[in-house]
């Protein structure tokens, strides 16, 4: 199983480390070319985003966040396969939009990185993506009841949050978005929305910056819980009008929130 | 958007700092006059109130708390636009009841400060106001089910908690109370009640002191959750009689609670 | 209001401190006689009980815990009016079963101490009492749905948990058990049960030791939440048989729990 | 009661400590033989498992986790009767599969250790067992609504989670699995499933390693809460297909989670 594969990968990685340099260069020629070192501020924010998502209960050991490379829109940055809370700058890998790493293919990688690459391909306005299993959101992914916006903090939800059914793309699977085809199918269903649910699994959230994608991931969870509670009261629920959602989003930023969230995870 | 405006404000603020003193004095003449330095104990309690509200889960990065100036009932004190948990004495600004700052107009301000100013205008008995998005309360703001008092800790709720619908005041908006007209409309709907809900948004809570407004904000949230749980049991719910609520409020203070809450946020 | 009264009490207390000794002795003659210093281990456990109840979310700033004096069954020990988390040995007061303090009548006292005294009067088997407003329990105090035992940790609930309605004892009040008559009415309704709910208010819980009363307070809250969740699933619920409850209680102690809980609040 | 028994045990234990060595050896001859010292890494992971289960809210002071001895499949390791959060290597005891300790019979032991021994007997594929009272799970143990898999993190639940009714095995009892007969009845009902619920009590969870059994215990709780929330939305719920569950389990490991969880409890 995976343990066996992990052993193989570890061995492969070790072997690679002791291979003569020219042999590695040769192999490197088949790989996508790096866009060069990313802005250190972007890496710092990517590490912060990882920790904030954990601190806020949006991810546990699973889930991941990526950001488009500041030097090349055809590259994105994401950690190797590690719990977000533990990610350090040394863990950040660079991928092309087919989700092929520009180096270190022997490291253990997120099997669902295709969620990120395929969304970046179809959505030039998106510069950051989160995939999570946040607990308030999953119930809406398996229910006939659609997730909607009940509070102004969820203005980005007012245009609707679609649900992607992996059975439509691949029948009965292990439910992971572990190849480009599933990633593309998900990205197409997302369309121009802010976020999408994965049936029985979680969500994929987009933003124009890391601040936006983290903020939206948090308020998607908040919004899901609010809707569930409002519905449980038993009376009709007064949802946001899509026009209200658009006006909120025109004005919305996460400057004040990001200052707090970053402080909470860095102590600075 | 807001980021752009923030840049503009920051620049304006910097420019202001290097303007000749007489030019600033001139501009100052159009501004409301300060009531002078507030009681340091009041500032200390205002900072504590900010942190308590965060520590108790009543505000996250958003939401704010104000207090009437101890030297002039026509002035109130509130932080510049910052997450309550991070507010320091240097952040406290002084406003007149039209919510115009007596100085430093270039600092980023809470766009919804009009909630505070307009309530202070109509309610001389109120000396402290909280605006929050506390999670148990929002569902009642979008439901046909009214929030009522189920427990004696919510005695102030027994006279009823109205809901303000911004659509009645301004149609389809970004849902923020970001001008004096919306603030006044909200304050009028509040009437002589302890608190009011904002549809799809949160609550505004009043008190005769910071201790009261913090205590009420906490127990409004507690009470909302208790009512939701009581209703979920399925049987009829036995609410407080308004007379019980009045008798509780006649006796109620928050001395014991404030001692604990302040200790929790100051370590003293 | 209370603030005024507190000032008066503080002054009275100060005056008392400077009165000539003989004057104080005279006043002391009207007071109940102390049973003498309590076992320091009992005081240590009483302080621990206060903190455990807070740490476990059973009390917030309000609520209290008492223990019968180890030297005299007609005396009990409880803090002056202070949030349980902040209680220190210097705060512990000694009362007779009419809830009159043996000394320091000028200190601010729990207005609902009669819950403790009146239960001790009627229940010689009870050596410790908790009064709390624990959040999972209150909904059952205002619902037509009775609180029952769904899990073996709530074996003491299997004989039923009655609800005391203060309106039956005193009509429309401030809902506080602030006199001996209300305390006796509550104690009579409790009968030989482990605990009782106070409508729209909270619970009173009994135990043969502090360990039992703390354990029961915690598992009353746990049990209430479990029942609410089980009912919410929609199907019939399979409650404990009273015979199961009795067999559990015959065997039950809180030794293992107390070791953990005490460690959590003392760090030792 | 238990206190009395504990005193007896303590005395017995003390007496044992001062008995001449040959007398103890004689007694030892009736006891099962030890498989020798276990792998220190296994003990380290067993301690970590205890703390992780507490840190994640799966156990409180009650509940326990065991692991099969690495040198002998007929021996298992588990703490003496202590809250999991407080367990140290010195507390680990070795048992045969009849749940008889190889030494130190005078120490206070988990009365429900038979859950572990009897499962190890019937399930050679199982190398680690958890018994817990996790709060989201208990409601399904008393409801007519079966616990199912709603999310891919609960793939191991897709084959169904049976409920064991102790009344079928022993009538009206104290509900504890405190003898080999109850343990065997439970293990038989478990069959080849990953986990089983105990009516009005909790769960028993199995895994091929400590990592699996801890991961499954956590996601059994997560899954129960997700199902309850999904059902509460009111519409039909789209559960995992058993085939999806099997494919997930074929691929599943807890490497990434274990790295985080262990770090959270050890600080390393």
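Read from first to last, the chains carry the letters A, B, C and D; within each, the first residue is number 1.
Throughout what follows, a contact is a pair of C-beta atoms (placed from the backbone, for glycine too) under 8 Å apart; a residue touches a chain by one contact, two chains touch by 3 or more.
Keep in mind that what you see is a predicted model, and the values were worked out from it rather than measured.
S.K.: From subunit A, how many touching-chain steps at minimum until you land on subunit C?
M.R.: The distance in steps between these two chains is 2.
S.K.: What are the chains that subunit A and subunit D both touch?
M.R.: none
S.K.: Rounded to a whole Å, what is the gap between the Cα centroids of subunit B and subunit D?
M.R.: Measuring from centre to centre gives 49 Å for this pair.
S.K.: Centre to centre, by mean C-alpha position, how many angstrom separate subunit B and subunit C?
M.R.: Measuring from centre to centre gives 35 Å for this pair.
S.K.: Multi-chain contacts only, two chains or more: what residues does subunit A have there?
M.R.: If we look for residues of subunit A contacting two or more partner chains, we find 232.
S.K.: Which of the chains touch, listed as pairs?
M.R.: The list of touching pairs comes to A-B, A-D, B-C, C-D.
S.K.: Once bound in the complex, which stretches of subunit A touch subunit D?
M.R.: 1-3, 6, 60-62, 81-83, 85-86, 133, 135-136, 138-140, 142-145, 172-176, 199-202, 228, 231-232
S.K.: Residues of subunit D touching subunit A in their complex?
M.R.: It is residues 149-153, 155, 222, 225-226, 229-230, 232-241, 243-244, 247-248, 250-253, 255-257, 259-261, 263 of subunit D that touch subunit A.
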